[in-house]
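In what follows, a structure is listed as structure tokens, so that the remarks can point back to it.
As written, the chain order gives the labels A, B, C and D, with residue 1 at the start of each chain.
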Amino acid sequence: MKKVDVSILGCTGTVGQRLVSMLYNHPWFDITALAASERSAGKKYGEVAGEKWHLPTEIPEEVASMEVVDATPRDAGATLVISALPADVARRVEPEFAEAGCTVSSNASAFRMEEDVPLVIPEVNPDHLKLVDVQKERRGWQGCIVTDPNCTTIGLVIALKPIYDCYGLERVYVTTMQAVSGAGLPGVPSLMIIDNVIPYISEEEGKVVRETKKILGRMGDGVVVPAGFKVEASCNRVPVLDGHTESVFLVTESEVDVEEAKEVLRKFRGEPQKLKLPSAPEQPIIVREENDRPQPRLDRMAGSVPGMSVSVGRVRRGSEPNSLAFTVLSHNTIRGAAGAAILNAELMVAYKMV
Amino acid sequence: MKKVDVSILGCTGTVGQRLVSMLYNHPWFDITALAASERSAGKKYGEVAGEKWHLPTEIPEEVASMEVVDATPRDAGATLVISALPADVARRVEPEFAEAGCTVSSNASAFRMEEDVPLVIPEVNPDHLKLVDVQKERRGWQGCIVTDPNCTTIGLVIALKPIYDCYGLERVYVTTMQAVSGAGLPGVPSLMIIDNVIPYISEEEGKVVRETKKILGRMGDGVVVPAGFKVEASCNRVPVLDGHTESVFLVTESEVDVEEAKEVLRKFRGEPQKLKLPSAPEQPIIVREENDRPQPRLDRMAGSVPGMSVSVGRVRRGSEPNSLAFTVLSHNTIRGAAGAAILNAELMVAYKMV
Amino acid sequence: MKKVDVSILGCTGTVGQRLVSMLYNHPWFDITALAASERSAGKKYGEVAGEKWHLPTEIPEEVASMEVVDATPRDAGATLVISALPADVARRVEPEFAEAGCTVSSNASAFRMEEDVPLVIPEVNPDHLKLVDVQKERRGWQGCIVTDPNCTTIGLVIALKPIYDCYGLERVYVTTMQAVSGAGLPGVPSLMIIDNVIPYISEEEGKVVRETKKILGRMGDGVVVPAGFKVEASCNRVPVLDGHTESVFLVTESEVDVEEAKEVLRKFRGEPQKLKLPSAPEQPIIVREENDRPQPRLDRMAGSVPGMSVSVGRVRRGSEPNSLAFTVLSHNTIRGAAGAAILNAELMVAYKMV
Amino acid sequence: MKKVDVSILGCTGTVGQRLVSMLYNHPWFDITALAASERSAGKKYGEVAGEKWHLPTEIPEEVASMEVVDATPRDAGATLVISALPADVARRVEPEFAEAGCTVSSNASAFRMEEDVPLVIPEVNPDHLKLVDVQKERRGWQGCIVTDPNCTTIGLVIALKPIYDCYGLERVYVTTMQAVSGAGLPGVPSLMIIDNVIPYISEEEGKVVRETKKILGRMGDGVVVPAGFKVEASCNRVPVLDGHTESVFLVTESEVDVEEAKEVLRKFRGEPQKLKLPSAPEQPIIVREENDRPQPRLDRMAGSVPGMSVSVGRVRRGSEPNSLAFTVLSHNTIRGAAGAAILNAELMVAYKMV
């Protein structure tokens, strides 16, 4: 199979670095262009990203020697674009690419909540991709923008999906303990987080609430009808490098059997598994039976595709029959960002949308 | 005023060390005896506690040179006893002291949930001390055992009390991010907690649920009637030295006004403030208005008596009128343990129960 | 005694915050002006510094409500100026103050190595203040600039001084493990230092080498003759909030007796102790006898003036008679920065140089 | 090739866990027996090791279901034995295996400094294996004990070897910043190391000094003549999970050219590379040119066999021609322990000593 050219927008940040390392040697994709801000354009990728490279693997030599280009459709040179741009830049730049005919798989928050933009987790709501038709027509674009959720939302929603389908949901209470890589670089100053918890992440809670309802919403006639349950979120930063841990309490519509719920989580599969997408983990959800798992350091790279499975543990009932509690963990820059955008791109290739 | 002699049981652990440093130079109390396990008995306190001393202040010289004694009533030499014994030892030893006529202010979990044992936070339920009469009669003791709550319960309950009184409570969802000092020494291995969260603390969640209802219960005729609201808890260990942070979601009985709720928290005072007990902070609850407070490193020593105030921040309403969310922080080995036992002892002295 | 007015330049960074908290309620000094960059000028200090305040004490209310001014002599309003400006700003701004007649006690690195600028630790080389006469004459200034050393140099040099005087020095090998507060704010990204050591701090090693020799140099006729021994330094950043730990190996000129060396360190006193300067610790050097001390978390606030004593431990001989090894610890933003500048200012007031 | 049976002694600790994960699916070896203390004997490995498993990979299922046996030759069932026993147990148990005819590749410190026991790093001193003949004869054993060095020594010595051969050595000053995994489990309490450095590791410095001289010593007539240079060591514990970082200053016998020294380090190869042993990294030493490398989090898994290469960076000259300074990093439980014992075992198989 001939590989598909892909351009990476925002290639130097923490998510950009993950994109580079996941797309290098990808079975379907070839990195054609690395785009970043004007400041970096014209320099070698190794020079630009080297100083802030945070991964324990080296920058692939071939990529290190590529010249970084400006984030304009002219320089992109590929129809498929994966974007890890900051939200404000994405808002300006991504439409230029979509207008120029590119399919943009975006990890930015800029367009996630726009009515005609799909916010997709391939295992959860692939049907929301139908919004692309609406989007193209309404905006007169040749290409399109498809988004993936916030790094905190994604682990939560993957774990909620099978529960929602099986028992219904009335309320979701989630408290997060989020890794510092989620704040990018320079991100959280070490002086502020060593021996500390910061009980606030700007705009995060609103994103979790709104995105969760949109993703689990029903694809109606050209529009997504948000799910009706209530979501309350409390987001905290903790001294962890990678991996967001979330304590979840649920009130369900029908009575829950804990063992059955675990089975439902364990057996959950979606389109990526059916289509055998290259970045699809065999098990989207790994259920742990130990008392004290999942833990970010031990479980963030879980799964047949490292970092793409979500781990759920401590599944237990609350004080009433229609309640459930558990802890969910997902790798915030893989399943929660770079891997999410890549999996969306793979799904669109499989669907011949690229 | 002549000082009251006090014996410390379990003087070498993390809570024992706090007790020593808070009781040295205490305006009402004189440390008469330091008791620990047989292994330590006969040695100087400095020798026994020195190696595992974890506080950034030195062991007071006078205390360092005291000889550690066996934890038996014969050696205690004081009517007032403050105990930081491990639960299993407390279960065996504390009754011996109570029987011998001592008033035991205990931080151990062993007797907290016994029907005739008061579980007291002086600002919250000083009236529960009436259980002492029941206890003495039933057990035929000259002395008594009075307990303080688990380090996680105490911050939560202090914050809940004014809300409960003002708006009523239907449900409480709490997710904790607990400091490693709560596990004592050796406690949590560093290899297990650096760059990590452990989503489980043995028996902790049950304690939070049961103790919260008991403390906020009504003192009936010789018996405490537990509060009727539901509590769901999820307890996590994070890489923080001191200070338990807790994300709380509440469903109240009546509608909440956020500004009023903050005022209610801020104005909360109790017996210790009225009686001007030496370890009573002027404000039991400090309400923070910043987005990102309270934080353990910055706020754990808050208050006019360092570490004795509870900090509450991010007070906000949930998705419904009768809901409230906030973050509460308290110092787990001061307000949550050593300071709690001392404040109980001070209250009993003020009440002439010693 | 009437208090001396003092202006703080660079009041919002980590050292500026320490200056504010140490100068508020200072027995000799009154904070008259808080100066920072133009960006902050005109705003309240609480507003500007609040977001990045990193100390576990609150900003004093009186200071929080002061208006931050521009860092110009016109706005300073005081003859005594303490500067925690970044080096590049200091290079431009401090001479303006000196020219306008101010005595500038500077913590910046900008002028430390200038031939006519004293680089002073009051306990070590107060006689170097004579360079001020040379400086004033050469530069035609009414005022002057007096500097204190780099936060890494200062702990080392205080520990070396009594050894140097007693045994002479041929070589000094020092490896540092430095706290993140030394890099200011935002400083070291948490993503780069959690579970990590960074074996490099820009320009630090050269500073340690040059400054050590200048401070321990001999005050000649209007010029400091640098000390002749060799210094080799290796500087590392570790995940510690405050307190620089340094492993030191020495080759001395004469044979060392370890117990005598400890006594020499312990008994060391200087001008600040003689003059009873307010920020002078009773013991400049605290010698620890435990195997495993000093430790930054336990010992950084050591001393009768918290954070102003240097702790030395593990004093031992190397493989030869004329060798010595020890570990030295000092608080990098107190003794190593804010406290150093204040102590220099106190010394100059005592010497009637202000 | 038929695989060689191997028994693991001390299979549950941090090094034992590494041994299990490195020996499972090893191309030459088959795990035949897992031995631990009596307390664990008779239980499944998964049950015994599961609770304290610290690696981000799962215990291989096949191994998890193996029954742990007592550490006696009778139960071992293999001629080749790899031991990660604690020193005191090793002192008693390993000779029993050697006497019973087993070849014991030991990571324990118990016998390292015995005159007739080889202390071997395959790249550095494979010829010291000749001591085995002396050992067998002197002790009347059918089998033998061969040891690998302390986790701190090994990285240092690999880096020193090519320098020693090329320039000679007069003095070595090394300051270490060691990971907590080196202390095993429970090991260093988190309450003691978060936001801290502990400047002491029991007996470590003596081991580094003595082992370095033995390994770099000359194999004489049935005896190793220790190297004559001086070694001074200062060992510190830092809040890092894996990877020992060491700052090294050297005084060499002849003048050093820095670029040449880097080339000498980079080109260094030994017997494992020549023999293409399965655990031999292509490059024993990786030389980094960046200012701020090696770093434990980024470089501990370096090399073609993850964790088996040593990284050296910041190579620079000191203040004199015959001096050199650098930072060396090695994975303490792989190259510094489990991998070391396995590589020694591989070498002995290649040499037909098993």
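Note that a contact is a pair of C-beta atoms (placed from the backbone, for glycine too) under 8 Å apart; a residue touches a chain by one contact, two chains touch by 3 or more.
Model, not experiment: these values are computed from the prediction.
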| item | value |
| --- | --- |
| Comparison of B-D and A-D (more C-beta pairs in contact) | B-D |
| Identity of the chain that, by mean CA position, is farthest from subunit B | D |
| Chain centre separation (subunit B, subunit D; CA means) in Å | 47 |
| Averaged-CA centre spacing for the pair subunit D and subunit A, given as whole angstrom | 41 |
| Subunit C: positions in contact with at least two other chains | 54, 194-195, 239-241, 297-298 |
| Complex contacts: residues of subunit C adjacent to subunit D | 173, 175, 177, 195-200, 202, 209, 230-232, 234, 236, 238-241, 245, 247, 249, 291-298, 313-314, 318-320, 323, 325, 327 |
| Interface residues, subunit C side, partner subunit B - complex | 50, 53-56, 194-195, 241, 290, 297-301 |
| Contact footprint of subunit B on subunit D as seen in their complex | 14, 54, 180-181, 183, 185-195, 239-241 |
